[in-house]
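You will see two complexes here that share chain A, one where it goes with chain B and one where it goes with chain C.
Let's look at the complex of A and B:
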């Protein structure tokens, strides 16, 4: 009798034998390596370039590299306008994420648990803003604010980002709730817990990863958002707006430096979000 | 005996279905009662209404004399062991078990003691720090049990407790649960679709059919005196044959089945002569007469040809063609040397002996066939 393992081993070996071996060199492996390298280069070479030039003394982005320096970092962090823009971006992203969570979590819960007229419509409408180009969101909200006489400021930017990004929280939390076994909530009630306690101690811990993960994504998207911000900001500048306007006057290594910092922070956030989202504590149970 | 739970005229409808239809039931203190029936018969819904997870459309649930019909689960002194256990996936075994008493505000030191006692009881002290995902199904079931029992409920509800276990473990757990029930003296209400489980474990069984109670009684009562063909067919295996009444005299009803006649104890039934009735003949109550063996005069004698044999280990089921529409299946014990030696081969003509008192007669003829009795 053939065991499953044997079948797997055989399947893994046999296709390889179809390829030629040239002087001990496995052609298929080589091809794959080259292809992978090309794809990675395509994706990351520009970023690496940016990081490398942020440490290059020559103010003109051009090879060969001259001298190793931290000067651009010092300059960037001594730049008041840049720092203000960075601060604004952090404020906007944090507030937008807060709005997303305040609207998104209850919406996801309502969509998952209750039947009400217009439920399907709501589900689609909530998700719509994320599919709309930022341009449309920006223009329409600008029109709306102009019409209602709301002064453009960071607040309007926050509202703009909040509406566009709520969908991320709703979809992620909703998806997690769909996989969530409602019977553990019944078990909690059965063991004497009132609904609020059940929510805090049982429901929330089991959807927490979806909440944190979607918050991180929403934060990142808000942090580097330009189109909506462009239409909705008053005098305040966010970091991407500042960078964009500076670059129009010529590339400076200062931007490379701040870019490198952002990349570093993004990677940390990204890795932590992947790590959190992948937790497998909750498993789907068949619903009755 | 005191009724710990009383259900009065409970009805519950879901869109398009009447799940529970005017069910009344009394559960006595300390008994192990099983609600038995196929899926969709309303047994789980009834259990969930006792637990407070569903509210009935009409009717009342009385727990220890108190009307709890509209009370949420967290205000009832009953606890449920869920199908698939519903352990909290993010909490360790000990925290799962402690949860109910933590909610109740038990002091830390006492809680630690109590949890340790429970872990001892379920024989899993070394798994205290494990997550549910790291346990086998059998272990999960025991944790679920401890989690419910730590609350010291007045009634423990068990929703299909064995369904997640494999056949071997199921038997062991049936015995363990029964022992636990005897040890604790608690009232257990169990829901299952497995008739063996119901017969093995229960003090009393409620057989449910399409939202209604078909019969309530001890396993022996139900098995020997099923009230309807449905109950007879659901509990154990049985031959359900349709026969024609030829004579009703005193305590005996004579029927015609195939080429033979079957006499049945009347037990107060009076079917009209010429009408069709349904007979429930248990396979193990039929004896094959071999080598001119004799049987009491009052017993039925039928002649037939062995059509098929189905080996079941300790016994063999023989399908006998008695010249009627359906063959009769009988159980022939193989656990003795005589039984093994006397196993007649297929194709042989044999005589059967059936005690008239062991046959149950139903005046209603229903569609319950004999497909699954082998």
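Let's look at the complex of A and C:
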């Protein structure tokens, strides 16, 4: 059945493949594996370094490692200013996420269900803060607050984060709404449920995972935010702003310790948001 | 009639609040910034005005041109480095990892650093590259050099490395999506026609991922061009980027009209790049369609 062409092709290819085989692996795969491993190492080495040095007694982050210690953790958690900043960050992130949800869910619903003038413009406008450099949102809001005579405080930071991060809730919830089978809502209405009741019992449960997932992402981002906070904060500092002011003056392993804690917490938050979002995605698929 | 009126009422109830919010805290600030960029400056006040002095100053003062071209140059190098880091990794994930579960795990592992505090990731590079840092002490420890090398930190090289490190996941995501979409049958067809691995890669795989590469370049380029934290941390004296200048205008220099004009320029550059890449991506898609 083999044609002349096929035979010729095989003859041409096989000697080269013999040459490239190396102990069951061909050279290009091996090179690629090594390259991929190197890139992953590049992505993780700095993070691992930060963690390792948070347990190292030497106040200067340098090799070789000296003895192991929890001293930096004790110091970080005994640091009044740092703890206040941490508290501020938690307040800001929680309030910002609340704003994101209160504004983001209705916006996503409006974009999904209604046609209104300026809809395309609104869709573009809403994602501007995550498209443009954070600094532009920061300075424009600073100008706005100064012009309207609003004192800078944690409240302005909260409004800033709320504005900048709502896009995440809008895009995630909107994407989920687009996949959502509207017929069950119609069924609910046909059975006599009022719109609010339908929303509460039918719509909300269906977009719940998108809401939870995007809130977790928005929380993590707010907790880590600098460009907007930098311009909008008054006398109070958030944790990233505190860390920023500390590391500009010099380095202290205390930052490594608090950094390790932050990394741990954000990875847990992120993994749970991925888990929550993909879990419901798997359940949805058969229906499509 | 009543149906449509009810619909209108529902829409108003739903969207009135958010509309006011978007108008006040998002649209108004951008509009005010645009307005202020035409104001003039008489220290320490800004005078409501409509003149193009700030923009003319931007074009005529070579300092701004220098900073702008430096920002674009650094952002370009960051994107290139991120590309060369991302492509082999993503190619490996999509074509060499057989188990979908392991592939997903690797993908998530690549994205995770994005969620680890941006500031801390920039800061670790300071501790790695510094004179007293990990890299230098390692080199001394194993005996390759006798005294610390000053060349690692506080220059543009350090900036490119740090930002490429920070923004690589943004390159990985679109390239991954593009590679995954390539039909395996195309690659098999190419192989059946006797084209070698490299030929297949350069003639089939690479061209098909151009939209993804373009999207990745857009992300990393815009992010790097607008960054002002990393340059301040690891950049040293000749590292002012456009975002640093904006921050200075709003801070020490206290020249808000100038800062606003610069921000508007930045805004238009970023929007321009996004629109362009969107257009190219669409053209690419049509050609491959």
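The working rule: the second predicted complex is superposed on the first by the 246 of 288 C-alpha atoms of A that agree within 3 Å, B and C clash if a C-alpha of one lies under 4 Å from a C-alpha of the other, contacts with A are read in each partner's own complex, and residues count from 1 in each chain.
We adopt the following convention: a contact is a pair of C-beta atoms (placed from the backbone, for glycine too) under 8 Å apart; a residue touches a chain by one contact, two chains touch by 3 or more.
This one's a predicted model, so the numbers in the text were calculated from it and none came from an experiment.
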More residues of chain A in touch with chain C or with chain B? C
Quick check on the superposed pair: does A:261 touch chain B, chain C, both, or neither? Answer first, second, both or neither. neither
According to the stated criteria, A:181 is in contact with first (chain B), second (chain C), both, or neither; which is it? first
With both complexes superposed on chain A, which partner does A:36 reach: first (chain B), second (chain C), both or neither? second
Classify the contacts of A:127 with the two partner chains as first (chain B alone), second (chain C alone), both, or neither. neither
Determine, under the contact definition given at the top, whether A:152 touches first (chain B), second (chain C), both, or neither. neither
Is A:191 touching the first partner chain B, the second partner chain C, both, or neither of them? first
A:212 contacts which: chain B (first), chain C (second), both, neither? neither
First (chain B), second (chain C), both or neither: which does A:114 touch? second
Chain B contacts chain A in the complex at 51-53, 72-74, 79-80, 82-84, 86-90, 99-100, 103-104, 131, 133, 147-148, 151
Contacting residues of chain C [partner chain A, same complex]: 7, 10-11, 14-15, 17-18, 21-22, 25-30, 32-33, 36, 85-86, 88-89, 91-93, 96, 106, 108-110, 112-113, 115-121, 123-128, 130, 132-134, 136-138, 141, 165, 168-169, 192-194, 196-197, 222-223, 225-229, 232-233, 243, 246-247, 250, 256, 259-260, 263, 266-267, 270-271, 274
So, in the complex, the side of chain A touching chain C is made of residues 8-9, 12-13, 16, 28-29, 32-33, 35-36, 39-40, 42-44, 46-47, 49-50, 53, 60-64, 102-103, 106-107, 109-110, 114, 116, 122, 125-126, 128-129, 131-137, 139-144, 147, 159, 162-163, 195, 217, 220, 224, 226-227, 230-231, 240, 243-244, 247-248, 251, 255, 259, 262-263, 266-267, 269-271, 274
Mind listing the chain A positions that touch chain B in their complex? 181, 183-184, 186-194, 197, 201-202, 205-206, 280-283, 285
